[in-house]
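Order of writing sets the chain letters: A, B, C and D. Residues in each chain are counted from 1.
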């Protein structure tokens, strides 16, 4: 049996390819939309993809199951559990085989058995994997967003992200029940989960890629709860804000993602096009580094640096209804454009209208000199300024980060909500935006500048620098931490 | 003025990007279908493509002018010379600007002037390039297939490849007249031609990438002819056989090549599909090395190794009317598939139905053991066997190579015609196929095996080894060589 | 805790990098000589390498521990168990910390505890890993060559490969005792072994990269033995022949591998140098594909194709005492040379004297026409020829493969011993060499040709094709299979 | 004849490989220290390097001639002209063949003839290239730093950069004489020069890669001068300041550059090492982008961003006597380190002591919060501030840029001299540094901060933004421009 884990850093998401060396067949579990990687890996291993499946209707990325099955001619396996609201709408058209709890299929010598594990979502399946050539019992379980290393898949997403009101308590109780089934699995069974550290599908995932049932039973907080009520309280507490784009993902993945046949090549546009686009109110995303943006940028552009967090913040800050235009760093802009287009398509943002080089920023400056700067303030200067009462400090970190420690007297508006809540802020005072170490606050400043705030500075080094310099910190009372 | 030459090894074809650093504009001359390379290069140089043009309706590759102009929003410039038969059919739909002899356009500080230079084709243009910021006279001329380094564009293609009967003598005379215009250009003018060594658009192109008018006047055989008649005789003599696909290229490039938006991703197929495909008579091309094919291959597959000559031989051996299936080498098969699909699309072979890994060959062997082998014969053994009279030797090199020296008593059927003329060969005798050093004869053996010849060997080392070993060689009387 | 597995396909060998995200420290376990990969990976993860260790004195590759510790300034940890004969000679000079059973060290929040597990080697250590930030008990164990997925590290290597006579029975008993300790570890503990499928350090390793104590207890044959004697008999049976270079590895890794500071750049040599080198008896290895070699090669060169098995066969077939010269495939020869030099250095073959392009083969042919061919015989032709009794068939597979099924009446000389035992073979008869599917027999034919055998053919498709075609097969009585 | 130009963007430097396809031999002209590129290119073309030469003792990069000849076994050809002070000291040890004016050598069918062309340097040679298989006269001339496209090699370098006093007038007159020889060459001859736009070896080089004698005679300002005196005046006027490192290059290239055998791998260091290094006064270069440095950097580090100008500014700002430590951007830091080490070695800065990741900056912030920021000032704010007289503006562009137009009343200290002349500036006033568009001023600010200036701002968009916004500009009287 061949086992390969494919990990997408930007989505903090794991897919698995499991193949039988003897028959040359392979199954892919939870493919994302970058389907070429599975085809290439299978070819490199001398395998062909004959089965494609997924654990559940994903909320955090566009599923590649439909397109991968179509491309390779593999059979698609989809969950038939969870009730009528959680049926895959495209299952029939895709010729998918529907799976109920206990159903299985065979990939050469490898037996795959579906196990219904609702909680994170109602239709969620885990897959027991048995290498029948070597053993008579399963070696591992593909858990998707059911059990992670050190955490479990949050049951509050449907209510919070997909706006299915009043479901999160019930979902938490369902998850508790599913975990009781999990507890009964043998200690030695490996678990191969769908996410790693950094995913918003849980609150405290480990960086260790895989674990075992026995280890999780001992050290996963979610399996330590002594009663259902205790578990429900704990699992619903301290969850990060679900990114806005999650609702759209659910819809897309249920209806059936559009077949892409490659991520496409948006046109590169001349700098002169920028004026008209911005006048029409087009969404222009500056993907250069936070520092480059702060040093000089075109007014009304939005800063989302093309780094490991690009996909996440694009999902928070870019609405699905508008075309997107990109400003790219100069070096290897062909590569940068390809990466940005892929990253956006991974969460269904397929409408990239065109791209500009970094030269567009200089060209703008030469046309009218009107580049905008984001002033940088040191923690020492901030401490001084706060005494005068003239500055308003906005902490754009998540709520739980803020609770764990924050600068006294600051506002907390998580970056993802800053646009919606900008009107709460005074336009007359000097605003200082900060986060943990400077990544999110740079985007935050750009969000505010884009809404007409003229007096916005960024705190250099963020809360980490504040704390490091020994200034006062406030902490909120908290539930015991689990991660 | 920025000048960049983009050279495609497999087509032996040069495109040029000429840009103005001050205005940021750039023109592309003779783009091929791999248009991303121009977009990337322009971006790397801080330029945007604003003008696209081509010297003539190409016969040896699909033009990228239409798609590049559409992608970048550049204006397309096309020749309006050559009479009604040589009008670009898609010019209107593409919003192209038509050029007559003497027309020009401006790319920032750079002035481009069209000069009608018929002969290779009736509508052929060359482009004089003047860097007005630095000079008052042209610095160079983009000559396309008019004048090469050491040769000129052959005037016999229309008759031989596009089947426009009775035109080659007239075209040669037209070319002679165009060359008289060329002779009057200043000595110092650089020439930037459309092809290099290995192109079938001439018979003796140099490997030197660029030259000057004065140097060519002295040393290019075509400018040494003292009379029109002498020139006509010389230019029509000794031209290589035009590849079969040339006719199709002319048609495509005149009508307007299909917009591709990327070269596409044909599916990878399971080995088991091969049986059915071969039974249906599908065209399966084995792109592994000649040696791998000779050692063991699936009967009825056609050998065209994926090397620098792949495009050329694909154009000769693959008909446009059928879907193509590929067998790829194992290592980095994703890369190999992309390369093969691109190479085929460069000459309009867009119908790749799917691809198999090299494992398909082994799988076939395991199913029925029936792999075919191409025996390898040494020149010593051949010399021995020829004494017995039992072998029939086929030299698959071009006619002019054969004339320059060949094994006594052998047949000469150039590889490109071997399929059509296979019936001339006896099926009862041992056949030995050879070329210069072994590349073409390996494909030739596969062509014969595919037509049911069972007794076909390949001569190791080809004519070079025969000559190197000191065996007897026959030579035909020849015109004086020009290259 | 960050856990990364680095797997070298050619050595079938796994190293591990385990880091603490909070402190930024990382430990590397069992690094091989390609040390840049660890430095790069640590940098990409935001970690610095502070600890380097290895489970034992490796027999199958040159250890990178010494150089990696020196490069990064990390502390080196080496085993102090196993008695005076198994002391690392360079430990003092390298400032290494010596470890006894039960000793430990700390990498940020991660506790590493050494556990003496002799058997495969006397000094062998396994490392228990505890993520103290998340748990109070170990999460996994780095087992090196103690326990693999589905197998255990063979105890017969010292006797067979390093010529320490009479040790293999005792070592097997020691291993049995170590396995009793292993059995007592908790079921849920993950095991992270030092090798995967294809390694010669065991006889039946799985392709699954990691396992658990509980799963191995149930399904690993080595933990199923009911008595020490039964285990000893089983573990010593059916082991593959240890590659010849293993003895040298042991010596190098104990004394202290030479610091390389990069793999170096051997000169590229003109084809004309080949004559003199071959005359002097230099070792020239042709790294082109088996098929290319069979089709035409220079006499007295040795064929070892540069593919996944290159390192293994280089270790078998190249003596440490001589300089090596390489013939490389043409395409991307810079990359091929780098790869070959690295692959050889991985097993201590540092003496590459220079490299030739594939053009050297053609150049040789042009000089004297004397290229050698390896004729290919089909299984059908072989079946026919065997009836005449004129052919001698040599099966160069391993003994256990031969026992599991072979062509009736053939000789079995494993490829690694073919050179030493060539004199057993008749020089008067037609020899046909075969292996499983053709990879090893191609090298085997080259070994025989290099020793003056002129009449050597290769069986197309090997034993697999023979069996596939339905010809008769003989099988030897065997112990029950465990893998 | 095969002709390949290898262009190094960072040095604006061209090497040439000229080979004979028939004999397989190749000559390399003016190789730089990155010698692998020549070996790889030759291999890809099926050639071997048999001859290595250079036009003169380079002042702007370390020559690769010595190492390339040694690596490949090629014969080295060096100039024997220019008198005793300009002899290559290592010629004998390297077994070089010395060339006088008129001497030649043969590369297969290609004849190379040396032509003494002093002026830029006393020993300077140009090389006439004749493709004897195709012509009886030369096709081109490798001109090195004698004649460029649109310019000539400056004759003032020896005096200004190498401190050979009183030589520049004489050298200019010698150059004039050499140009008279050049004028007599045939119009059609191609010229293949040693530098392109951006090189400091001239003042107005074109971006066009090659030209002809006739074209240069018409449009190169240096060939238009009607008298020697006029030429001398013109050629010595308006030359850019020669980078400081040039003197060292001359010395190294005359004595014989050190053989590197690869660029080496400096260690990566833990962030904690930074404190001690900075305390000891070590030179720490921050290679992150200018914007990242401005936003937050460690005090006393020097900013030289790793972009196309890295080599140039490293040569200006890094002294040869000290070890250098690097701070690298996070993404692909392995690649960035390799690139930086190569770039430095290209100009002989071989003493890289170690490298830090960008995490070192954050780690510093967490230790004491003391990151330094470079404030960014807009041109509008500057215009306002200049009215108050409280700011001192320093223009760090070259003298000729300043003369062509500058902000009224500003100081001009070119970046390369800013360190030496920092004491001219007041430490009590707010300093604002600017250049053309912001690249050099960012480094300039870091130079001043490193010398203890605490109140240094950078002008956003530089002079280009000032001029673009319509503010007042002063211009100096100038000689007529030639470029």
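FYI, a contact is a pair of C-beta atoms (placed from the backbone, for glycine too) under 8 Å apart; a residue touches a chain by one contact, two chains touch by 3 or more.
As the structure is a computational prediction, the values presented were derived from the model and not from experiment.
> Could you tell me which chains are in contact with subunit A and with subunit D alike?
Touches both subunit A and subunit D: B, C.
> Which of the two pairs, B-C or A-B, is linked by more C-beta contacts?
B-C
> Averaging only over C-alpha atoms, locate the centres of subunit B and subunit D and give their separation in whole Å.
41
> Roughly how far is subunit B from subunit C, going centre to centre by Cα mean, in whole Å?
46
> Calculate how many whole Å lie between the centre of subunit A and the centre of subunit B, each centre taken as the average of the chain's C-alpha atoms.
Once rounded, the distance between the two centres reads 48 Å.
> Spell out, as numbers or ranges, the residues of subunit A touching 2 or more other chains.
none
> Could you please specify the touching residues of subunit A with respect to subunit C in the complex?
Subunit A reaches subunit C through residues 1-3, 21, 131, 134-137, 139, 150, 186-190, 206-215, 217-219.
> Help me check something: in the complex, which residues belonging to subunit D touch subunit C?
For this pair, the touching residues of subunit D are 24, 36, 39-40, 42-44, 46, 48, 50, 71-73, 261-262, 264-265, 267-271, 330, 332-334, 357, 359, 363.
> Give every residue of subunit A touching subunit D within the complex, in rising order.
288-296, 307, 331, 362, 365-371, 373, 375-376, 378-380, 437-438, 460-461, 464-466, 468-470
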